[in-house]
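Since the structure comes first, as structure tokens, the remarks are kept for the end.
Order of writing sets the labels: A, B, C and D. Residues in every chain begin at 1.
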């Protein structure tokens, strides 16, 4: 059963054809990696999914409901959370508050005038945030200023911000970009750990090590279109992929 | 028809002043990222450079009026006239154009001193703090001027040959269109200054770096170019442009110490309508608002919408900003957060 | 900081006392208590009496405010018997003794109106509440005068206005506690009309540029009526935004409108700029329209404005309340006293403020008490002479002074740096006197709860 | 690594409130020695404190710099005076009416202005306020009474008073069920409302709504992807701060029944910006302190004159008295604005973050002395301080 279905999505920027008839189907509960060389259209596709960019043609259906034309907050409220390539957090808030914000969003909706009730009285929200912070080893830093954290910690924080919402679909945009091998391995472990939660994930990634460690299925994009799809093993051995993406080199 | 042409002319000289102030302001915004609330004060200082220069030229011999006994009343005859007769007289007469000789170095000095002594410590501070410190500076500057020159407006005349109005209609075969000479000079002057600034930015390597800085400050900083010194120069140029605008405006508007505050709000509106970080936008918006303001003042227009001349500038600003999110020519992301 | 130690103790004591009173006695119990034993606002108890001088110290009229302050200081000096006495010896009938007011030494406090209603009222309140001023005086705009006047009515403190020229001050916004020595727009029109007809002929077409607020409107209306009574036509009246600065867009249509006179109902910076632009840039004074010389009129003239307008003011007709070159004993005495003290002649704003201070002090002496209702009674319908304007009446019906009005002209060949206007004609008091009822308004009660409650 | 304080609970809130209320209500006593112990200035402290607290909800919490908030202050004043004129001299009615009018006015302006952000937003608000001011001064004179300002008059209908047989004399100021609202009682009335306004702002700050505003200020782009729609939050904050301004305007009109157009001018809008920055943007207490400081300078420094200076320094020998007077003279009286300008510069140069930052530094220094340098790590301030 597919949670997210992308049908014939096209997007042009001036003369450049960024997305060319993209078709994708993401199965419920799967970890689906999208790989491809730079400029293949991976990030553009992701931006279409979260409402940042509106495709020229095509359909994006999430659980049978179209996501096209929805504002980002409506897409999030529908159950799609996203981790950005460069961590997007609230740098002026504490780590705890950073995690509480999305929890409020999923509990109270996109807008609610809660002028009077103290944050301190919202035990339900606090409890969830605390749990996530424990899970992601951020508990010790809960009162720290998020803006002054290291890049790796920020990324972990952003992941926490997404997980606290119990999203049905989690989009990860190069979660290990710019990380050392050790950090990358830690992140892989972390993602494996949260895989146990059964959240459907779409991962955009360059690093094959990450892809093949995590993904159930892999789609390969090149020049704005999906050229191959399959299990990691299939993809590894697909000559078209090696041709287009790896330039013929053997993995 | 004549009336419309005249109102366009009115708009052009007004627009010239707006454009010059906005040009410097947006230069500072764009390159330095500083919200300079003291920019109106720089315009005012330019005007008072002319006042000081005229006062210097008219240092006078005082001939006591004996009919007044309880205080010193005297008739003043400038020494220049006494020494050099007619030549001296015409030097005094040409005080305002000549005062540019004083305005340029003084304003350059003021600009450099301001940037080195104060503004540069605020590049990394929040806009709120920039506003507070430059606004404080503007108050201090105007109070200093007030303590020297008083609060009353000070009359400065254009040279006799350039005052009064000229029949410019006859040049294009229309009759009865006469327009003040000095205002036309001001318009041409403002075009000249704008042209000079653009030429400087387009044709010199220095200008190229500045433009690159306006486009992407961080990258230019990474190139290892000494941005600090260039910022100082940019600030100096902006100060000179504002000062020149003020200096030449004195025959049109009698300067008083409050002049800068009167222009401050207006110049911000012009800059924002033009679009943050766009020099061309600032110039276009300056002239556009000047001309629209003139049209709105026509009795025929006021008969349809009473009080329109009171609000036209702000109304246009609202309409433009709602229709064009970043003003006429603004770039994405500049001062939007 | 040590600056405030001396007077802060006094303020502390009075404040604490007032605080106690305010907490302990709801005003309902004392509402009617004062009228019997004359408890009233700031009844001076010690050896001094404090006057509050509220003048513009910042903003465009700061220089005028500074001149008003000079006059006030001089008046206080003279009241206390110091200096040469100024106009006290010429003032008749006078009850002034030169030993302060009712034997109490006169002290004063100052404040900044900023030419804004709110700031002026805040400053006046400080003088009344903190400094215990018994009277407020000064100011340089009608808006401020009306605002402070109504405040003073509420607080039960007499307000002697400074420079305010709008008909409203003693017309629709008049108050029992407000008194105006300065003349008004109506008088300007009545005085100026015949002179204009005489100088420029009866067949004239006028174009008005008017500052777009209440003073401008009353000025425009008064000038329109007065000139039309002389047979002039009004071609157009155009309102200009206050502080417009550049008036070119309003001046360009004038010459093609068929009008041959431009009347500038502007004051201060507006007047300086519109006049200078009309004369030096649009060359209006040298134009011929309808076969006549084009003329410009500025109904309300002042020294500071003439100074600001420079050569453009030469030959321009207008009106003034007073001029230091007038040929009468009181004027000479005042000009001498002021000139000796400050090295410059007094402006008409300074003169009216000086006169108001003396008039208040004299009324207190006449009443024999500081109790405002009695002082008001002494001022109402008080007929006097010797303050520079000839015989003058403080009319009781609207608290407006009636005296001669000067028609003045910007001097063509100044003999010295202060010689900016010349008096063309002195229009007698009877000509400019009008029926108090024409502007409506209501003075209100003399006995008010005031700040003592 | 910097840390921030935990979320305060009701106990700490009440303690803060109690200290604040005590400080405000005893102002007549502890401000008297510096010459500010009289009703009018204390009323102004309280009223502009309310104005600045409200402004801070928009600017300090959500980071949106409005340059036209004086329009709501003015609208509140006009509404209150009209309520006095048309309905009743009872202040309760006028205040409610004024808050409602300012709320609606700010809803309209906020809805349009919030379509833009950053400086574009600031200029839109400025433009609306300047239009309001210019029109109030000229063509809207039938409603605003222009330059002179809207006043009460004997002929006002006051239909509610009449209907309820409350007799009001012809030129009577507003009251609260018979209690006069001028002078000292007026101050206590404003002070109580200030304390309430402070408490409400504190609750907003500590609520999920307040946290959301802080998050918007911190990273508005993230809000949508976190599932929030920022616009309605911003609009609510805008309207709340507009209503605060309306309350302040109504109190100005209540304690002193006159509403002038000057209240809407850009300088008035600028003033509340300066008050907030001066005190400390985003802090709860800072705006109140900033408001009081500016009003104090405006009133007290302008009231000095040379005679008073001479009298103050007459304990010095003759020449020294003259010298000291000459040194101080340029900064007081007509030079009070010079002092204001210098103070703006000095505070922003030496105390980035405003006066509250200075307070925090002093508190931090004394705590360090007590507990040693181990506490130093905790002193690195956060950009949006809690109190």
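The criterion applied here is as follows: a contact is a pair of C-beta atoms (placed from the backbone, for glycine too) under 8 Å apart; a residue touches a chain by one contact, two chains touch by 3 or more.
Computed from a prediction, not measured in an experiment: that's the story for all the values here.
> Identify the chains adjacent to both chain A and chain B in the sense defined at the top.
Touching chain A as well as chain B, we find D.
> For chain B, which other chain has the most distant CA centre?
Chain A.
> Which chain lies at the heart of the structure, taking centres as C-alpha averages?
Centre-most chain by C-alpha means: D.
> Counting only C-beta pairs in contact, which chains form the busiest pair?
Going pair by pair, the biggest contact count turns up for C-D.
> Quick check: how many Å separate the C-alpha centres of chain B and chain D?
33
> Compute the distance, rounded to whole Å, between the mean C-alpha positions of chain B and chain C.
35
> Could you tell me the distance, in whole angstrom, between the mean C-alpha positions of chain A and chain C?
That gives a centre separation of 74 Å.
> Enumerate the residues of chain A that touch no fewer than two other chains.
Answer for chain A, listing residues that touch two or more other chains: there are none.
> I need the residues of chain C touching at least two other chains; which ones are they?
Touching at least two other chains: 58, 62, 66, 212, 239, 241.
> At which residue positions does chain D touch at least two other chains?
In chain D, 134, 137-139, 337 touch at least two other chains.
> Going by the touch rule stated at the top, which chains touch which?
A-D, B-C, B-D, C-D
> Write out the stretch or stretches of chain C touching chain D in their complex.
2-9, 11-12, 15-16, 18-19, 21-23, 26-28, 57-58, 62, 65-66, 69, 73, 108-112, 116-119, 121-123, 125-127, 129-131, 141-143, 146-147, 150-151, 153-154, 168, 173, 212-215, 239, 241-242, 442, 444-445, 448, 451, 453
> Once bound in the complex, which stretches of chain D touch chain C?
Chain D residues touching chain C: 28-29, 32-35, 37-41, 44, 134, 137-139, 141, 145-149, 151, 153-154, 170-171, 173, 178-180, 182-185, 252, 256, 258, 260, 262-263, 298-299, 302-305, 307-309, 311-312, 328, 333-334, 336-337.
> Which residues of chain B touch chain D in their complex?
So the residues of chain B in touch with chain D come to 35, 118, 121, 125-129, 131-133, 135-140, 143-144, 147, 261, 265, 268-269, 272-273, 276, 306-307, 310-311, 313-315, 317-318, 321-322, 325-327, 335-337.
> Can you tell me which positions in chain B touch chain C when the two form their complex?
Against chain C, chain B makes touches at 2-3, 6-7, 9-11, 13-14, 65, 67-76, 146, 150-155, 157-158, 163-165, 176, 178-180, 182-183, 251-254, 256, 258, 262, 293-294, 297-299, 302, 307, 309-310.
> Chain B touches which residues of chain D in the complex?
Residues 59, 65, 112, 115-120, 123-124, 126-128, 130-131, 134-135, 137-140, 220, 266-267, 270, 273-274, 277-278, 281, 330, 335, 337-338, 340-345, 347-349, 352 of chain D touch chain B in their complex.
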